[in-house]
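Across the two complexes that follow, chain A remains constant while its partner is chain B and subsequently chain C.
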Partner chain A sequence: MSKVSELYHTGLIGGQPAPDDLAIQAKISHTEEGFATVWLITPAAIWLILFLVVPLVSIVIFSFWENSPQGLSPAFSLEFYGEYFYTKGFFDPDADRFLLPSVFIRTLGSTVYFTLVTMLLCLIVGYPIAYFLAMQVQAFKWQLALFLLCMVPFWTSYLIRAVAWLPMLGRRGLINQALLGLGIVDEPVSFLFYSEFGYTMALVQIYVVLGIGPMFFSLAKIDKDILEAATDMGATPFQIFREIIGPMSLPGVAIGMIFIFVMIMGEFATAVVVYGGKTSTAGTVILNYYGIANYPFAAVNALMLMLAMVIGIVVILRVVDIRKEL
Partner chain B sequence: MARRTPERWRKLRVKTGFSIYYVIFLLFIYGPMFAMFVLSFQGQRGGTSFPMRGFSLYWWNKLLEPSTVGDMQGAMGRSIILALMVMVLTALFSTMLAMAFRKSFLFSNVLFYTILTGLMVPGVLLSLGMAILLRQLGLAPAWYTSGLAVHVIWALPFGYLVMMAVFNRFDSRLEEAARDMGADEWTVFKEVTFPLITPGVVAAGLFGFTLSYDEFARTTLLAGAQNTLPLDINASMTQRIRPTLFALGTASTLFSLLMISIFLGIYTILYRRSR
Partner chain C sequence: MTAKNGNKKSTGALLKISRRKFMGTAAGIAAAGGITGFPNIVQAADPIRSIGLGVSIINEIQGKAAKDLGFPVRGQALGYGALFGKTLNQNDQYEVSECYFDMFDVMVPSKVFQPIDTTRIRDWDKVSNLTKTGKLTPGSQIGQGDAPFHKLWVDENGAPTKGPSRYISAVPGWHNADSLGYNPKETKRSIDSWAELFSSDFKGRVALLNVPQIGAMDAAMGVEALGLIKFGDKGDMTRKEIDVLVDFLTKKKKEGHFRAFWETFGQSVNLMVSGEVVLQSMWSPAVTAVNAEGVPCIYASPKEGMRGWHGALAISAKASGKQLDQAYEYVNWWLDGWAGAFVARQGYYMSTTANTKKSLPADEWDFWYEGKPAAKELPDPFGTPLVAKGAVRDGGSYEQRFKNIAVWNSIMSENDYLVKRWTEFLTA
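After this line comes the complex of A and B, so read on.
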């Protein structure tokens, strides 16, 4: 397999001539030329430290502080971590909450569950689209045009896209009207909107494009000659997919899944709009506790969300070594 | 040749199947937005679902009138100004960073992962961290300060990756030639490097603009007293949803598309010129 990936690709991404050795030599040997690195990185580095590193570190610090009448006061308190993990009656075999994780852990759990379901659906819905664009459409011009056509909705506000489901899925929405008209149901079904179903539909519609992009790019990089060769040697379409297309598009799948995973884990707006605030995601819990000025607990929740995300990303990266594959 | 004919038929069938699936997919992602677009022209007595009760511009007019809740024109103006600021900073920072990464330097790995952290951190988390921090420091958040700060953090990884890709394909020998002919660093940048990377810089800026214009999670705790457009949309959603919202959605979508077309136009012209 390693030989295959070293081949010169003629796909969408690899279409430019490979840099010759001279150019690489030139890049390496004159490192003292160009603008001074310090000046190039300093402004952005300061910005990143002040507005990314400091807020993240301060969340960790604030999660140990205490609430006081004057606001936050510095302390080293594990009170809010306890509140997060511990439920009354957890160790009591007679209580009905015996060994039941706290509501916060369950919320995080259901957020992870929703995210995984949506990721899987995005993969199932999106992969054939990426495959179609990369493999079935021949001309590069058409590939790009059809791909951009998929991308257009992504450039509009996702709040708008979430609320746009109302005329479709609502009680008097198009789908209910169609069901009534066809005589399938007698009265409008309400499970479509303000429900898990509507929420998942909206999430897939909003985020599937994020997966299609990377999958399309990695599929487009596959050299068509390899597929031709495999066919000539008698491989069935399924074998070609399992042995060549599948493995070679895996990095794209992984990157796409990371994008979707990260987006949906922190998601809260769609949940409020489409789910009608009936449910909580990890994101809405954080905002609720910020709203009632319980900052340390909001910080604990945020850290646990971050922890779950890091674990998820590490697991995905375990499956594929993206840096090697790029 | 006779043996290949069934094979050709099979391929055609597969292709047709995929094409049909693609069309269904387009209906799936465009359908709701199209329904919203049609319903924004709902008659005055109509609601947020079909059937249409007449056809009017009533809800569009409502959008233009100053309303009691929020002020949408103001919010839109603020969002555009903010997006333009993010655009400029993203283009500038990502170009500078990508230029620095052409050479190896100390802690370059740390910097690389810090930039990408901006992509990985959930918006609500960064928003929360900044908001609590500002509160502790006794500073008031505002869309043009704290909002701008985290929007740039969000857009920077995208722009940076674009610029890295641009410099990966960059032929340094052009710069070498200019230096050999006695040009100083500024002249090399102005006359050789910049004209060649302009399409990339524009693309990085486009990412900055669109990501900031639609950003909700990162602004939600940090916009201060005045709303940006996504916050305003969200505020109007918590009340009874009316076709005005659909009109707003359609307007905002059309504006996004207009901006992207302008950018793509500029990009195409610059790309042709840089060839």
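After this line comes the complex of A and C, so read on.
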């Protein structure tokens, strides 16, 4: 899309000449009447400074404080950063913890692992749905109706969606009842719920819609004429997907994946409700240390989680240059 | 620990007042950081602020106190962690903290409270010996960990003293003892030891409390009952003891012994009601809630004893003048009987048992404190029927429970190490 041809726009009415530079300049420098930019961004800026920047800065400051049994005291201490990274016996070849990362890094690692698995599954499940909505469903009203149908789970609270798995997957749940009834098993299977399987499935169900939305919009934006042209030129459906649809829907995929990535990295409630608390996420560690009023260490954990998120987003944006693609 | 903090009353009251008045009131509420709003919040009297868990901060309780005392009491219900943090780091934000003796290893040395003069506590002589000497009855055992009586006595400067003194760190309040809950239909035998928590008969059907400080003690009771290790003090374990405990738990977890780990009252009820779990560490009111759902559940009285916990009313070091007087009045009001009767209907006991007895109808006293069968259907604190006629409270009478406390809720010296190893156990 970066190459601008001589003809600015081609459509049913034929080629149109590109507007001259003067006209573009005039359009850019022209200020619409109404609120000045500064007023438009003020509410959001105040909100973000008060409730994002200030807390974030406090978290950074807190992470260097000292925490004694008598409470917090301001300091510049790297103690809790050391605690986060270093485990006793890490460099000792004889210790059973030789080269074993600290429990906090391992917890962050398992959080990343579950996040990546869920993202992959969300892509596998979500992309075809978005593709179907955008490409197969012709009428706009049906597209909208079906897309809203995807949103139905969001009509109820997050926790109810998570809890609702119990009657489905639990020992006395629907699936177990069916398995028992059909004589496939003699006693209820327990791997469905309070398990890695159930946890991953619940995460996919809860977050896949966040991916479907952006993927659907970027797929729907693709000009059908291009696809038709490709077909006319003899391209196979696979070639069309590889050369046109795939690349053009990448920004949507990237945005969807960023949404899912950020949400699941911060997850802790689903692990409790659906996995029965049998794993720790980076979020639960923060909560645990908050719970014993060790705010500096909770802050260190929060910052490391944020760092991991930023790295993840940068990686995704490296793979897909959203600004270029949009 | 149920929290029924419905704000129906306050909403109704707000709707009736004019918009201007509403804005003023709302600003006041916002300024106090409180979520309550009793009808008399618009009164001119200076309010006092009290923070606590949902166990003791219930609109009905602080509302009744305000009505009886003639000044507003703004209660703020928090989670355990938030209560701990606010009590420790923001003692200018409350006059009274309805906290717990297991927090006192941290709170007393940091001087966030002021010593309470027992001569200003009207019913001080009626407060039971459980917290004064550590023994409810002469034959009782004190129990390991942060037994309240170790934390109670202080001098006029708030420094701990060995024995009785005119001053105390906080006024003893509501308390209870926790143990195991089980479904007798599924376990097919009665459970009378903490060791059963790790019995392979219940593999994959067991849950444990996932609050490291308390969950570790429950697990330690089981490991000790199995004879694997003898703890010096289960309420103050050494690093080595924590390692042995966590290594054992990790092994069990990898074998698939645990079905789940629960964190809240409601989760423990769900685990039992849905049949996912047949045996778990449990709080006594949760057992009542499971039974109310029609699922059989028994509250075990393990021969090794139960794990006790004790609430207390502490006054902030920052309270002074009229507010200090009002804080004393509020604390005195708690001991008076009405509040004791209210929490009794949730299954908790009160330090001034004689006053509670006066405020409770005989049928209810017999059921909740004496462990006798309910003579008729009995209500919960909000008037809803809770206990069926003929039902018996598990765990026996108040005296039976509290003369055999094995360990009290505690925060160990090695708390940070425990939390770290616990995280490792969960990640394993």
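Keep this in mind: the second predicted complex is superposed on the first by the 282 of 326 C-alpha atoms of A that agree within 3 Å, B and C clash if a C-alpha of one lies under 4 Å from a C-alpha of the other, contacts with A are read in each partner's own complex, and residues count from 1 in each chain.
Definition applied: contacts are C-beta pairs under 8 Å (C-beta built on N, C-alpha and C of every residue); 3 or more make two chains touch, one makes a residue touch a chain.
Worth saying up front: this structure is predicted, and the values here are computed from it rather than measured.
Peer 1: Could you figure out whether chain B or chain C reaches more residues of chain A?
Peer 2: The partner that reaches more residues of chain A in the superposed model: B.
Peer 1: Quick check on the superposed pair: does A:T200 touch chain B, chain C, both, or neither? Answer first, second, both or neither.
Peer 2: Once the two structures are laid over each other on A, A:T200 reaches no partner at all.
Peer 1: Quick one: is A:A269 in contact with chain B, with chain C, with both, or with neither? Answer first, second, both or neither.
Peer 2: first
Peer 1: Determine, under the contact definition given at the top, whether A:I292 touches first (chain B), second (chain C), both, or neither.
Peer 2: Once the two structures are laid over each other on A, A:I292 reaches chain C alone.
Peer 1: Touching A:L72 in the superposition: chain B (first), chain C (second), both, neither?
Peer 2: In the superposition, A:L72 touches chain B and chain C alike.
Peer 1: Which holds for A:T107: it touches chain B only (first), chain C only (second), both, or neither?
Peer 2: After superposing on A, A:T107 lies in contact with chain C but is clear of chain B.
Peer 1: In the superposed arrangement, does A:W155 touch chain B (first), chain C (second), both or neither?
Peer 2: Touch status of A:W155: first partner only.
Peer 1: Just checking: does A:R172 make contact with chain B only, chain C only, both, or neither of them? Give me first, second, both or neither.
Peer 2: Both partners, chain B and chain C.
Peer 1: Should A:S280 be classified as contacting the first partner (chain B), the second (chain C), both, or neither?
Peer 2: In the superposition, A:S280 contacts chain C only.
Peer 1: If you lay the two complexes on top of each other, which residues of chain A touch chain B in one and chain C in the other?
Peer 2: 71-72, 163, 166, 170, 172, 272-273, 287, 290, 295
Peer 1: Spell out the residues on chain A that touch chain C in their complex, using ranges where they run on.
Peer 2: My answer: residues 69-72, 103-104, 106-107, 110, 163, 166, 170-172, 190, 193-194, 272-273, 276-280, 284-285, 287-295, 297.
Peer 1: Considering the complex alone, what residue numbers of chain C touch chain A?
Peer 2: 79-81, 84-85, 88-89, 105-106, 109-110, 112, 204, 207, 210-213, 253, 258-263, 267, 270, 274-276, 411, 415-416, 419-420, 422-424, 426-427
Peer 1: If we count contacts the way the header does, which residues on chain B are in touch with chain A in the complex?
Peer 2: Those in contact with chain A are residues 14-15, 18-19, 21-22, 25-26, 28-33, 35-36, 39, 47-50, 92-93, 96-97, 99-100, 102-105, 111, 114-115, 117-126, 128-133, 135-136, 149-150, 152-153, 156, 169, 171-173, 175-176, 179, 185, 189, 210, 214, 216-217, 220-221, 229-230, 233-234, 237-238, 241, 245-246, 248-249, 252-253, 256-257, 260.
Peer 1: Under the stated contact criterion, what part of chain A meets chain B in this complex?
Peer 2: 16, 19, 22-23, 26-27, 30-31, 33-35, 37, 40-41, 43-45, 47-48, 50-56, 58-59, 62, 71-72, 125, 128-129, 131-132, 136, 146, 149-150, 152-153, 155-161, 163-168, 170, 172-174, 177, 205, 208-209, 262, 265-266, 268-269, 272-273, 283, 286-287, 290, 295, 298-299, 302, 305-306, 309, 313
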